[in-house]
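Heads up, the next two complexes both have chain A, just with different partners, chain B and then chain C.
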Partner chain A sequence: MKAGKLSDALKKGAIWGFILLELIFFSVAGQFLSLSDSAFMDLDNMLLLLKQSAPIGIIAIGMTIVMINGNIDLSVGATFAIAAIVLLDSMTWPIFAGLGDWVIPVSWLLALTVGTLLGALNGLIVWKTGVDAFIVTLGAMLGYRGMVFMFNGENPTSHLNWTLVDFAEAQLLGIHTPTWFLLGVTLAIWFVMTRTVHGRNAYAIGDNREAAVNAGIRVGPHMMINFAIIGFLAALSAVVFYSESGSVNPNDGQLYELWVITAVVLGGTKITGGAGSVIGTFGGVIAIQLLRKGLGHIGADTSTVNLVIGLILIAVLILDRQLNIRGKEELKL
Partner chain B sequence: MTDPILRLEGIVKTFPGVRALDNVSLSVLPGEVHALMGENGAGKSTLMKVLGGLHQPDGGGIYMGRDRIVMSGPLEAKANGIVFIHQELSLAEELSVAENIYLGELPRKSFGRVDWSRLAEQTNAILKKLNVGFDARTLVGDLSIANQQMVEIARALTVDAKAVIFDEPTASLTDAEKVVLFDVIADLKADGVGIIYISHRMEEIFKITDRITVLRDGEYQGTVETANADEESVTQMMIGRKLDLSRNASHHELGDVAIEVRGLSCGGLYQEIDFEIYRGEVVGFYGLVGAGRTEIAETLFGLRDPSAGKILLDGQEVRIHSPADAIARGISLVPEDRKGQGLVLGMNCRDNMTLPQVDDLKAGPFVAEGAEIAIFDLYRDRLDIRTPGWKQKVGNLSGGNQQKIVIGKWLSMHPNVLIVDEPTRGIDVGSKSEIHNLLRGLAAQGYAVMVISSEMPEVLHVSDRIVAMYSGRIMRTFTSDEVTEDSLIQAISGLGDHRAA
Partner chain C sequence: MATLTKQQIGSILAKQGILIAFALFMIAFALGNPKFLTVDNLFSVVRSSAILGVMALGVTFVVISGNLDLSVGSMMSFSTIVVLDLHDKIGPFLAIPAMFLMTLALGGLIGFLVGYLKLNSLIVTLGMLSAIHGLTLTYSGGQNMDIADKEGTWFSVFGQGTALGIPVPILIFAGLAALLGLVLAKTPFGRKVYAVGGNGTAATFSGIRRARTVFTCYLMSAGCVATAGLIQASRSLGSQNTVGQGLELEVLAAVILGGASLLGGSGTVFKTVIGVLILGFIQNGLLLIGLQFYVQFVVTWVIIILAVWLDVAAKRGKLWSPIA
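Right, the complex of A and B next:
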């Protein structure tokens, strides 16, 4: 079918076309509107943009596989905050006092383990109870956030380890440490989704769960693995970010789940599951960050940025629906 | 003679590749119960969809009294007093009876408030006419299926119905509930309403209808007075004489018993099922929709736990708890709903074909794409699957080729028992015979094949033996030498008890 191929190509390429459009628009508009002298497309500016994309981006890669699998995870922002607290607080624990800078890998591992376990717990509940992931993770979002506040009340948790800060602020080949993590995660998960049995089955389950069951695929374990992965990635995002900042507020990570889902949907992943790619999500993350940065560059304030992103998200979904309807006799509602 | 209240004249409807209705006529007199009969796929549903405005006919016309009507949609049909009572109920279970009956037309007071007292009053008036044991405020979800059907009927009575169409209304009713339904039909009849009654059940047809119109393969076969007809003549009209039922005559050697089922029961779905399938044999399961055939297949495939009885594979008793279990034991199921249960439509041909075994094919942590392509190529050639290549999404293939993908998927697992539920549903005529030959060929290669079908020619054509089922029980098992169309239809209609035969 020709129409199908055209719309497929449009959908796959759309996010990159959109990014290109943003780059051109902000470069040109920046000439007239920007208060700063530097060009928008400055290399340092772009590298910084990638670095700033990392916290949302790393989680978004995880959200992609959960959504392809037909689920959703609303608890990532809270998991992010818990992992940050575990990271910063554990570095001050007396039992690790003798470790010197070796406390860093220990605390990292601890934070990542906690994140993975919290994610796996979500997955286990979804698997064993059959309750919708939306509800389970909505509960987890509130519960995990509650744990954050229980730990230190309204007060921030802080600890600066300068070795860690140096590592987090380092630039290898000009690229910042967080960016390396984002790229590495994207590549790794891309491999998982396109080359492994787990990835293949995740797509099948998300597209047609009944057919997957009929093919003898055990749906539950696959879902739990994906929740564990997103928990791990939420923790990794926190670990990378707070290694540099060294202080976490109990409200940190709030609304991350929404930004993450926005990026994933912009990147072409179907909210009902079965279709999507981490590369698309990577594009979605970049597109949002470009929009935030670009609008800031031409002097718009934060509220305008949110309004524009909201409108674009809806416009993208309308466009996607139009492309999908073509050639199909869909019921008119 | 009175004028018909509703008349369908020379209706023609073609779908791509199929002439679903060819010059079909049907007229209903006021106060008449008119049976519409035909095998599955004869065109009854299509005709009713034309009448309901869901399909636009390519030729012919619909007349109410003397006026020609263009049925542009369901609302148009309702406005003309044509009411459908479907086999599958479409009720909101969380709402009350009254709300369901007046859904979309709730009586209003000022400011758009619902006039609950008037609603209850109107509803109870209708319910009283139907003589049912529940009232307007009952939740529909709390009612039995039969009473839910009564709600559907009550809904029909709210409009000034001129013609009411019952589509297999007794499929889920007990005998006592049927009596109530027939009373309601008698009342409607007395009020001068024209009734079209669709059913496979001969006993009912002869009990309550006045005339019978028979369709076969989308063609009008004639209309007879019920009083002048008998079961045999109607059956004759339904199956016709020009049966190209080249009976399956290939009596190759049978192997051992591959699967044996003894006393298998599952609640109210089926009871005391006994059968066995030999290697090299095709056993056809024939019966009406709801006779319990699919449920047996689901049990064998681990989707449904039996309440009693046992399953033996190669003489060993086994318990099958999940599809994964079944697959591991060499049982495969090609399900009834190909798109909903068999295929992942968004995936390509290769990935669908290897879905159950992709885990066995992996090289290290990665999927072994080369091995997958080899499997796809092998079964594409063996089953003659027509697709541009393995990258094609299965959603873009024709029904016949999709079915071959599903069959290929299971053959590549080398099963002992292949269960095929409705092998050719929604598949064009050309591909049908290909699938039939394929199934015969598989038996010849030593597979034990269980075919569930609601199409008699298909069952007769592919089966070595035929198991006839009626409401959850095996009525009789025929060999292909002894089976006749009449005896088969009688067995699946529950006429007489042939188990002694």
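Right, the complex of A and C next:
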């Protein structure tokens, strides 16, 4: 048992060790290779890094609970784009014309509602038809993206509201608004997964669905709630991001699902369900963003980032498997 | 008696549902627009589906063996860019086999990781999607790749040529489908693929080398991807780095539409071809009856879910899932 615990602790700490390694590497390498004078571990640079990880990070937190639950959601990128369009377009609707800046909370609410509903729809289909979540959300990815394009063709949807931009660019205690959202979401979902019945049941369902059913857990509603949460978070991510940028392209959010899943897996969540943690995912998100920023800092171009992240993902998988095997062997002794 | 007939109808629907749906579609579209069922239109649909179709043939083997391949889109971009680049450097005669070798090497790497190291295929191919995309960008330096002398090369024959009045991409697609269909249905290797995907442990105990079978499936998939890249490169004689982006999911949609289970062990090459054609004809038919291009994605969404739902419902004998 002790050996198992040791390898568990190793695995949980691994992502933070990796982040530390990245920090050291890029700081040292930056001394020799960087073209800029500023150090990599600059406070402003790190704060910016947190802000930039918010859009992917917020969705990744949602993906964590869906994957712990034994499902997956490939439609998050498309949901993200739909919510962004609802947010920006609804601010120009004539019925809201008299609201002034009060249109902002209304538009936010609309976007978040749409995201939640789209997520819940996925969950409902998975629950009621029994079709695998991978297929359901793969279809939804196409369908939702189609809706995005049907709305405005290939044209971007734009609307800048300066009050909103000011809010999105604000810094409270030195920390940017998007970062606050990321931290808030991480904390809230961490609480749900570790301190509530819903969280405990989500782990149980992902670990062994049969056993969960036999224990009297209602599997369907739990899955649907988690899908609704990830839909909500995809919309929240869009709301936070597009409040600042004010313009959404119909292709925005494409491949987000892949980045998000990469972050979640790096953070130690099992793709088969039943294991994983929100805090680990937070680490995974930071690790990926550090890698992107760090490689940029030492002068590598974006192509290298893709290459390195892909290879690291596979390396983590190999490492994880080796650790698991060793854990089992030690158990036998 | 009544229930028996109902079951019989159910089982016929489950087995041939995709064909019936396909027939209904064709009839509906043909009634909606007289241009739909013309030879020209049919050729143009099949020709534009050929690239997706060739890739789907390979992925069918991977899916039947119980795995996934999300890297085919970015691998196709890689093949296209490489063959276009080498065309001007070493000539088409050498460029084509060189590109095939490089693509097969990537497929072999995935096959090794999933087959021999037994890693989760979803994550491995997700990682490879990103890694190969990076590789392509590094190779091309982020630039679009173009053939210098577009008029004077015979290379365009694979994408633009016709033989016996039939476009070459269709011939390649049909020939490959026939060949791989035979391999899957009539050879010991094909039976091994089904056995490994249906029950890997049982397959191992009956002496099938599971790792090797999975490895070969990924090699075949890579071969199909290289062929698709060849058609793509030859058709346009120039390409962006992202030409195959997103195709992996459309390919998977076609394979699933054809009735292959993601759990492995079921599916056929013929059904995949039907799945590919359905996607192509939906797109074409919706355009012809005057709907917006993007409506096809929403329709595809509904069709995929209905098709798979009917399939699982027929297997469990109940329409609604028993999940509480």
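Observations on the structure shown:
Everything that follows uses one rule, which is that the second predicted complex is superposed on the first by the 327 of 333 C-alpha atoms of A that agree within 3 Å, B and C clash if a C-alpha of one lies under 4 Å from a C-alpha of the other, contacts with A are read in each partner's own complex, and residues count from 1 in each chain.
In this section, contacts are C-beta pairs under 8 Å (C-beta built on N, C-alpha and C of every residue); 3 or more make two chains touch, one makes a residue touch a chain.
Note that the coordinates shown come from a computational prediction; the quantities given were computed from them, not determined experimentally.
Considering which of chain B and chain C touches more of chain A, the answer is C. Legend: residue contacts after superposition of the two complexes on their common chain; A:218 is shown touching both chain B and chain C. In the superposed model, A:302 makes contact with chain C only, not with chain B.
In the overlay built on the shared chain, the residue A:102 is in contact with neither chain B nor chain C. Look at A:93: by the touch rule set out above, it reaches neither chain B nor chain C. Of the two partner chains placed around the shared chain by superposition, chain B is the only one that A:208 touches, whereas chain C remains out of contact. By the document's definition of touching, of the two partners only chain C reaches A:125; chain B does not. Shared-chain residue A:146: touches chain C; no touch with chain B.
Contact with chain C, but none with chain B, is seen for A:254 once the two complexes are overlaid on the shared chain.
On chain A, the surface patch touched by chain B in one complex and by chain C in the other comprises residues 213, 218.
By the touch rule above, chain B contacts chain A in their complex via residues 301, 303, 322-324, 326-328, 333, 335, 340-347, 351, 355-356, 358-359, 362, 365-367, 396, 409.
Residues of chain A that touch chain B in their complex: 1, 4, 195-197, 200-201, 203-204, 207-208, 210-218, 274-275.
Partner chain C is touched in their complex by these residues of chain A: 74, 125, 127-132, 134-136, 138-147, 149-150, 153, 213, 218-220, 254-255, 258, 261-262, 265, 271-272, 301-314, 317-318, 321. Across the complex, chain C meets chain A through its residues 70, 113, 117-120, 122-124, 126-138, 142, 245-246, 249-250, 252-253, 256, 262, 292-298, 300-302, 304-305, 308-309, 312-313, 316, 320-324.
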